[in-house]
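Have a look at these structures, which come just after this line.
You will see subunit A twice below: alongside subunit B first, and alongside subunit C after that.
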Partner chain A sequence: MRLDRAEIMDRLGVGVIVALAIFALALLLLPAVIVVVMSFDTRGYISFPPAGFTLDWYRKVFEQPVLTTAMWTSIKVGLYVTAICILLGVPTALACVRGDFRGATALSVFVLVPHMVPGIVLGVAVLFSGALLGIGPSIWLQSIALSCYVMAVMVRTVMARLQKLDPLLEQASANLGASRWQTFRTITFPLLLPAIMAGAVFTFIEGFDNLSVTIFTHGYRDRPLPIELLAIVQNTNSPLVAAVSSVQILLAMLALAAISLTIGLDRVNE
Partner chain B sequence: MNSKPLHIRLFDEVFSGTGIWPAVPAIIVLTVVAVIPFGVLLSLGFSDIVVSRGVIVSQELSLRHLATALADPLYHTTFQRSITLALTTTFFCTLLGFPVAYLFLIGGPWVRRIILVLTIAPILTSGIVRTYAWIVILGGRGVVNGVLMDLGLISAPLRIINTPWAVVIGMVQIHLPIMILPLIAVMSRHDRRLDEASANLGASRLGTLRHVILPLSVPGLGTGASLVFTLSYTTFVVPQLLGGGNYLNAATMIYEQVVYSLEWSKGAVTAMILMATCLIVLALFAWMTHLATGWTRVAQR
Partner chain C sequence: MSEAGVLSSTTGAAQAAPVVAICKAVKRFGGLTVLDDCSLTAQEGEILTLLGPSGCGKTTLLRCIAGFLTPDSGEILIDGRDTIPVPVNRRSVGVVFQSYALFPHLSVAKNVAYGLRMRATPAAEIATRVKAALATVSLTGFEERYPSQLSGGQQQRVAIARVLVLEPRVLLLDEPFNALDAKLRGTMQMEMRHLIKRLGITAVFVTHDQEEALTMSDRIAVMRAGRIEQLGTPEEIFDRPQSAYVADFVGASNFWEGVAHAGRVALPDGQSVATALDGPVRVMLRPHNLVLRAVGGEAAAWDGTIRFRRHIGALMEYEIEVAGGRMLRAVALRDDTIAALAGGDRVSLGVRDAAACVAFPPA
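And then the complex of A and B:
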């Protein structure tokens, strides 16, 4: 088959676009791969290509009390944030979808607002308001500020699931004589569980990793991992940082697997 | 009707799910921890405050700090630099993000799955870790310099890190997934029959892309651009780590004023200006998206 000029140009154009896409995808993947590779280097400083293979840096990560304490603090913050977001966010999602009161739409917008605001502005605002009342930064201030910041994610994930639920299921339960609490406990809640789990993954990761809100609200004694990590990255050049980073990348992979098992990756947008 | 005891009726009311009750705790918490603090921040921006041991002991209405900031050339250059940086980031993210969305559209299930994994995984990874990766890549003994020296193209390491270029590269890579996600949301709703119709009418693939797919992706582009701009305008991790500590953008400025030099009045003013300028640019984006959607309707006719 002979190709005319227009056809060649067309193929070339699409080829360029696909090449750009592949370049972009490689750009997303390679940095993480390089960090993991460097974390096995035997030398005490970062230099490419790596000179050998060792797991020593990983041992050192878990031998440094500064890092393990910070990790533990961040895990606690992640759990607090998740708990608060489930307790406050799931009922809010119910009210937003099922509510027939005036302002139900306004409510669903209101919940999203703190997430739209830059984290740095929310962090500064919470720090200053606390200072006005004499409440200093602490793990609690950090957790509650982060909860408000990411509540929107939980509410939206649960709302998306609720909107797809068949209301007939709940009506059937009511017709069979179940009380509203029984219906919620045995029908609605189990059906919402995948969405709540997916939302929990996001809120936990935000509580664990967030820097913009955390840096202004964290307690001086309970220094979370992002704060310690920022200090270490600025001051050292050893593969130890690469090892900590690799541990974090592993955590992200686990979170990714959890999301794809609960709601599916193609639902993340909603 | 009133035969049921009050507490049972109350219980049913709360669990009926048609009232506002289930949302009340969240509304209270969000108001106390987010809405009121914004008001406080706004009021502090217009005040003279005295801070003692982390507690604000006095607050007086004053426009002094706001006026000083608005007249300060350091503020002008810093905000100019931040906006330029964020707009550059948004531009390159669009340039790289749209092709990925196009590949998502024309690709099979495996291509789609790979794109989803590569897009969502970075969002779940700490920003510091992802920025650190660029220190490893662009550093003096980093990957780029290592490869170039091995190939004999350069004899001494190039200075890439701690330059504005390093900041731009890091910014684009870190915010790229935020651009791609809204675009692939549009693409997964895209009706492929439109493309077939366009092809049957004689359009080339580029023609279909230009006249069918691109106009229909305008809302996704608008959302993506707004998110990328907001995040890249207000981040301090990348400028702090890749800019070598002397690359000041608005966010690093707030960080230094609030955490290091403890000039809280200045910090409140800077945060306020940051928020206001961010909203102005977002409004401009929304207006442009609106115009482009109008153009789409014309194109559809």
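And then the complex of A and C:
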């Protein structure tokens, strides 16, 4: 079969795209894979490739109260951030999409601002604001700061879903005798739930492992996991960090798996 | 308000108190007047159709009755009571939406039960009434399906059952057949009319489709630019249109330009049409009211040439060019005399029934 010039170029193009896609996938996955591999090393320092296989580092992670406490603190921060983002973000999204007031568009852009500002800047800003209000660095200040930081994700996800929601559904509900609250509870909210869940996964992960905002706002008694990890990396060279990171990767994967099993990953993209 | 004054029905039901009465309703959006002094009534058990092109205000009027919109002025009465202060969810008005607006996350049974649940009806009563409503629309056995698992026709029946289960005083239908394919549409129109008549519900139905209006309605209100142009039975609307607009919108029409003298307009085939007008007029000739004859030896007064013919199932439609380059449309049953006529043939035209022609002032 003879190939003409155009067909050769087409095949070449497809080849380049496939190669780039494989490269991108490797770039995304390789660091995680390497960290997990190193967490099983028998040697007491970080090096690649590993010399043997042991689960000792994982045992040590869960034997160190500093690390388990930090992990628990970070889980709490993740939950607080998620709760704040749902409580404030869902009504904000409703106001932006359904609200009939001047500045609804401005508001929907404004919630993005904290997310655009570098985390360090936001952290310092919240630290100063907290000082003015008499709130020192603590798990609460950290949760509030991170909520500001990731609120945009919740608002934007819920807004996207709301914009696709047929407004006739709410009118039909009213026509069938439902009050505004009944309509929200039985129609709007259940239909927004997949978007809220998707937003919640992202806000939880950000609350769990954000470092830049956390550095300035965390409490010195409630040291969260990213801060402890930074300390370990700065002071030692042990695969302990790799083990903690692997646990975090596992948590993230569990969250994604939970979503794909309950509402489906394809619906998150909506 | 002058409820009786707005009635122009000849159905004889006009004497009873109307179920729905709209009096001088006006609605503006910005500078645009969408409803301009609309008045009409729907009687007990009547199917009243609002017919008109898009933008004529028919959907706005329907949304005012449902309570989604409030008219700027005028009254909307249901059973003689003013509805304007009544919130949407307290009106005894059921809407079947064009897109059905079924709740996608609820099963068929829960969609139908929705309104009863909002009224805190006891569970046992909900179960019986939902069962009965689904039986009414022949959807028994579909209780656990979700809307996405139903065909368009089934979805529509769920939308109807969801409203009927609440036994509304008035049923509002907003172009409910638009999303259905042509064949199913015809069937559903008949089914819907039978169902509404069987249950004796008063219904207001919105459509831009004149055939649908003629099929479904007891009376039709033809709307134009926010006003009601003519209100009457399908026969009155089709046979005695009060304006060229109605004649043109409902059914196909030819308009022939003539001159009226002493109360009559002479047609080229020798017949004449009675009119109150004088001077230049336009005469409505329905395509089915024109008779075609192949031209023999004698030259007829009203000859033309067939330019185009079109099969419409049992009928044949012809475009005929007459003197002056004007095109007339004629429709005839496909029998042997007609089947022989083809493009380019010369024919002579005649009017079957001159009394069925109506004269209008010139455009």
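One rule holds for everything that comes next: the second predicted complex is superposed on the first by the 229 of 270 C-alpha atoms of A that agree within 3 Å, B and C clash if a C-alpha of one lies under 4 Å from a C-alpha of the other, contacts with A are read in each partner's own complex, and residues count from 1 in each chain.
Here is the rule we go by: a residue touches a chain if its C-beta (ideal position, glycine included) is under 8 Å from a C-beta of that chain, and two chains touch if they have at least 3 such contacts.
Here the structure is a predicted model, which means the values were calculated and not measured.
Asks: When the two structures are laid over each other on subunit A, do subunit B and subunit C clash or fit?
Replies: fit
Asks: If we overlay the two complexes on their shared chain A, which of subunit B and subunit C does A:Val233 touch? Say first, second, both or neither.
Replies: first
Asks: Touching A:Ile249 in the superposition: subunit B (first), subunit C (second), both, neither?
Replies: So A:Ile249 only meets subunit B here.
Asks: Quick check for you: in the superposed arrangement, does A:Ala145 touch first (subunit B), second (subunit C), both or neither?
Replies: Only subunit B; A:Ala145 stays clear of subunit C.
Asks: Which holds for A:Leu29: it touches subunit B only (first), subunit C only (second), both, or neither?
Replies: Only subunit B; A:Leu29 stays clear of subunit C.
Asks: Identify the partner contact of A:Ile120: answer first if only subunit B is touched, second if only subunit C is, both if each is, neither if none is.
Replies: A:Ile120 sits against subunit B, while subunit C stays out of touch.
Asks: Does subunit B (first) or subunit C (second) touch A:Ile86, or do both, or does neither?
Replies: Neither partner.
Asks: Once both structures are overlaid, what angle do subunit B and subunit C make about subunit A, taking C-alpha centres and a multiple of 10 degrees?
Replies: 100
Asks: Who contacts more of subunit A, subunit B or subunit C?
Replies: Higher number of touched subunit A residues: B.
Asks: For A:Ser173, decide between first (touching subunit B), second (touching subunit C), both and neither.
Replies: After superposition on chain A, A:Ser173 lies in contact with subunit C alone.
Asks: Quick check on the superposed model: minimum Cα to Cα separation from subunit B to subunit C, whole Å please.
Replies: Minimum over all C-alpha pairs: 5 Å.
Asks: Can you list the residues of subunit A that meet both subunit B and subunit C?
Replies: 179
Asks: Subunit A touches which residues of subunit C in the complex?
Replies: Listed in rising order, the residues of subunit C that touch subunit A are 66, 68, 88-91, 93-95, 97, 99, 101, 103-105, 114-115, 117-119, 162-163, 166.
Asks: Across the complex, what residues on subunit A touch subunit C?
Replies: 166, 168-169, 171-179, 182, 186-187, 190-191
Asks: Please give the residue numbers of subunit B that touch subunit A in the complex, ascending.
Replies: Answer in residue numbers: 11-12, 15-23, 25-27, 29-30, 33-38, 40-41, 44, 51, 54-56, 59, 95-97, 99-100, 102-103, 112-122, 124-137, 139, 141-143, 145-147, 173, 176-177, 180-182, 184-185, 188, 204-207, 209, 230-231, 233-237, 240-241, 245, 251, 254-255, 258-259, 264, 267-268, 271, 274-275, 278.
Asks: Name, in rising order, each residue of subunit A that touches subunit B in their complex.
Replies: Those residues of subunit A that touch subunit B are 6-7, 9-10, 13-14, 17-18, 20-25, 27-29, 31-32, 34-35, 38, 45-49, 84, 87-89, 91-92, 94-96, 98-101, 103-104, 107, 110-111, 113-114, 116-122, 124-129, 131-132, 134, 136-137, 144-145, 147-149, 151, 155, 179-181, 184, 201, 205, 208-209, 211-212, 215-216, 226, 229-230, 233-234, 237, 241-242, 244-245, 248-249, 252-253, 255-256, 259, 265-266, 268-270.
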